[in-house]
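Read the structure below first, then the notes.
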Amino acid sequence: MEQFIETGISQAFADRIEVRGYNLIDLAQNCSFGEMVYLLLQGRLPPGREGELLETMLVVMAEHSINAPSTHAARTVANCGSPIQSAVAAGISAIGDHHGGAGEQCAELLQAAVRAAQPFDVATAAAAIVEQAAAAGKRLPGFGHRLHDPDPRAVFLFARARELGLAGPHVALAEAIVTALHARTGKSLPLNVDGALAALASDMGFAPLMARGLFILARTAGLLAHVQEEYATGKPMRFVPRMQVRYTGPVVGGTAEPGPVTGGI
Amino acid sequence: MEQFIETGISQAFADRIEVRGYNLIDLAQNCSFGEMVYLLLQGRLPPGREGELLETMLVVMAEHSINAPSTHAARTVANCGSPIQSAVAAGISAIGDHHGGAGEQCAELLQAAVRAAQPFDVATAAAAIVEQAAAAGKRLPGFGHRLHDPDPRAVFLFARARELGLAGPHVALAEAIVTALHARTGKSLPLNVDGALAALASDMGFAPLMARGLFILARTAGLLAHVQEEYATGKPMRFVPRMQVRYTGPVVGGTAEPGPVTGGI
Amino acid sequence: MEQFIETGISQAFADRIEVRGYNLIDLAQNCSFGEMVYLLLQGRLPPGREGELLETMLVVMAEHSINAPSTHAARTVANCGSPIQSAVAAGISAIGDHHGGAGEQCAELLQAAVRAAQPFDVATAAAAIVEQAAAAGKRLPGFGHRLHDPDPRAVFLFARARELGLAGPHVALAEAIVTALHARTGKSLPLNVDGALAALASDMGFAPLMARGLFILARTAGLLAHVQEEYATGKPMRFVPRMQVRYTGPVVGGTAEPGPVTGGI
Amino acid sequence: MEQFIETGISQAFADRIEVRGYNLIDLAQNCSFGEMVYLLLQGRLPPGREGELLETMLVVMAEHSINAPSTHAARTVANCGSPIQSAVAAGISAIGDHHGGAGEQCAELLQAAVRAAQPFDVATAAAAIVEQAAAAGKRLPGFGHRLHDPDPRAVFLFARARELGLAGPHVALAEAIVTALHARTGKSLPLNVDGALAALASDMGFAPLMARGLFILARTAGLLAHVQEEYATGKPMRFVPRMQVRYTGPVVGGTAEPGPVTGGI
């Protein structure tokens, strides 16, 4: 008995490639990259101006600074003389639960709340979410940033979504959570770019996983720029001498003096 | 003495993020993702319609079929229960010299020829490249495809570049090589999507490495779609039983009978 | 205020390297690799014959067959022309929750049960675990194999642990679960290599995470062999034509005929 | 026509697994991990005491310090909340041409010289290699270390190889190169661990690629220890604030003041 791998994404023929049933060349003639991303991930062309919002989101998330850990990981691997696909892969590997992945967790939270509430009262839902997190002693994913308050990217993206008619209940809920957090804690915990992404992706109908996915896609552009710069300007092993290390382990046959701050293998 | 990591790409302040000297929010208001990619990788805004061509290129390269090895690698890793960043990273790792990487090799070839020739005669340059490859018994990277002849993506991208006024000497050289290859070998070796990407990226001023880089970026969109589909529909271990394996190794303490076609760890 | 990264693992001086407080050269003179692994991961030298058991475990887990998905992922990436570190990394990325990762989940289960039970009655604990899994409709990680019944590796490893005096309550519990599973379901669900690894690692005092870690380490040896063979014998793109694909997606502007079974990008 | 993937490494049957023709359980009863690695990579059991030397080499290369870039990459990815297989994969990705990969380059050099010279005069061969590198203005891979002079690991490994009767022409050549380098440059450029590994692997009959491969395998043990420690003790985002960054890019719409030293995404 023959086994098949099934897919509903694309198929290639000698004379054409079809993606989600459309000829790829027709798509290339008519679609922005944002629209193509929507089609690939949702299986249909955007019903409204989602392609425009996605373009804006990809621009906003493409780059932050050399201090982002994914950027740091990618440059470290490039600096060791591995090829670009390997360096970018290492950078993307760093987009985990604590870095970029908060978008997925936030989207799960927002989508569950919007799905559950019948009728949906945004202030009640927000208060419940904040209360639950406080009771569990947990930080809410997507809120708070070590540098930005507010995060100018979140502010801008929500304004743009409103302009395009794409701000729905998830955006409203995210904003209500900021208010509820302030009321509950007295602290300002602004929506960060992960949270904004989560709300917008949710209002456009993306699965929570794709909040993380869209961040991966956008940030790949920034990673390429950093890897290119690292190959061009970085001396081999340049990252290593920079760390201040304190040894806290046992001293059995050795001495307790601190080791030198230097690299090597 | 303090050591610094230098970068010319971006910096983050409390109230703003600057990329290549521009406020990220200004960029988000005015740029397509294609323009942002140009800015990130070349350090300045596109002088002409390069952003539009990049958008089209990203759409065209975003997806081909489930048979692409990078897609296969990403789905295999997703199928094993690793997270999305890990699956996409594995897919990108497969964009090596024999898959997607041909664009970089082709761009090196085209850029070296255009740089060297003074004055630049495209037919002479093409004939020399073909002769050199034939003498060395090598395939030219970027030419020939196992399925497409011509590759509809290459045909379309060149037409689009002409429309946008962005087809220059590298595009002309790539086309002349196809003619010269046919004259020399009697075989049709059409420009493939790697070759088209190489020529277009070169005419827009990208370094050869970024031919591979742009492919990585575009294909990440397709990888996201496949990984999402794999999580949703793929049974664990489903890839493994499919391979027909023939054991060719020694039989020391065992038997020569062929092993069963099945998976496992 | 200066910030430090703390570590208790190692430090390097001009004249020596210290690992967990021992001079690396002293370790090299006196330790097997199994003992070194124990020291690295547990912070002290093995009190008994754990180094011998670890050597045996590493041998047993080093290789299974080309059908293992991690092997498949590594060979696919090598076949695309990426370097060995990139191919091995992709293979390791596939050691997720459904492939190799079951050892970690099984170790969590076993350790929680042994820790909780006061006094520890192995048959009662096993029956409770089986009952809980059945009630939740879940498979128990570490039990059952699509090819082996029993898994000769599990049988051998437990015998070896007994011989070395290293089989404790986690090994006893794992065996009791097999019996309880059979009593409950009527089916034979033998301990597989993940489950054996989980029990042995737990009896030696490893954290559950290291059940997965030890599998990663051992299997890296097999991945190296496969990647080496792939570079030596694999034609580029050889994996791709092998998949039987059935397209299940929409047909909007195209046709419903099945696409050809072929590779490409 | 059916297509097959051929392999000479292993096959799995219901009742047994065979590696290179041997029953895996027989191997587990009789082999150290070092002997298993030799069998996997060379296709036959060690003819002499190669298994012992490999064990020692694996211990010596398993760990250096937290400053090794592969360790740094792995910890960065672990710190971001990605799973262990993803963090270890990123660490291995960093074992590129400038970090661990020098062993492969050195092995190529040594093996080519030993193969070419008829009769083989070690001093002449060493002088030729040093002369060639000096003429090309290149560093010799495998010689020189930023911290160690001599590298205690190289000294120890060569002594051990002699003790085991496994030091052959490649070891002799490596030592002669150190002498020739000193004579030519007046500087002390001791054999480092990559160079020692290259010479020993070559004398044992490994392909150059496996010099890098053996380093990957050994260092995976150290990476596991660091990733485990990072999960246990590292605060999220802790790596990022540490870098001193100097922005060197354009200031178009922004200001020239330096950005704050902080992390974020």
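Note that the chains are named A, B, C and D in the order they appear, and that numbering of residues resets to 1 at the start of each chain.
Keep this in mind: contacts are C-beta pairs under 8 Å (C-beta built on N, C-alpha and C of every residue); 3 or more make two chains touch, one makes a residue touch a chain.
As the structure is a prediction and not an experimental result, all values here were calculated from the model.
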| item | value |
| --- | --- |
| Same or different residue numbers at the chain A/chain D copy interface, by half rule | same |
| Most widely separated chain from chain C, with each centre as the mean of CA atoms | B |
| Whole-Å gap between the CA centroids of chain A and chain B | 23 |
| Averaged-CA centre spacing for the pair chain D and chain A, given as whole angstrom | 34 |
| Centre-of-Cα separation between chain C and chain A, whole angstrom | 29 |
| Shared interface positions of chain D, touching two or more other chains | 3, 5-14, 16, 64-67, 82-83, 85-86, 89-90, 93-96, 100-101, 147-148, 239, 241-245, 259-260, 262, 264 |
| Chain D contact footprint on chain B (complex, rising order) | 2-14, 16, 18, 20-23, 26, 43-44, 82-83, 85-86, 89, 93, 243-254, 258-260, 262, 264 |
| Of all residues in chain C, those that touch chain D in their complex | 3, 5-17, 19, 24-25, 27-29, 31-34, 36-37, 40-41, 55-56, 58-60, 62-67, 83-86, 88-90, 92-96, 100-101, 147-149, 152-153, 156-157, 160, 207, 209-210, 212-214, 216-217, 220-222, 224-229, 231, 233, 238-239, 241-242 |
| Complex contact set, residues of chain B against chain C | 64-70, 72-73, 76-77, 79-83, 86-87, 89-90, 93-101, 145-148, 193-194, 236-237, 239-245, 259-265 |
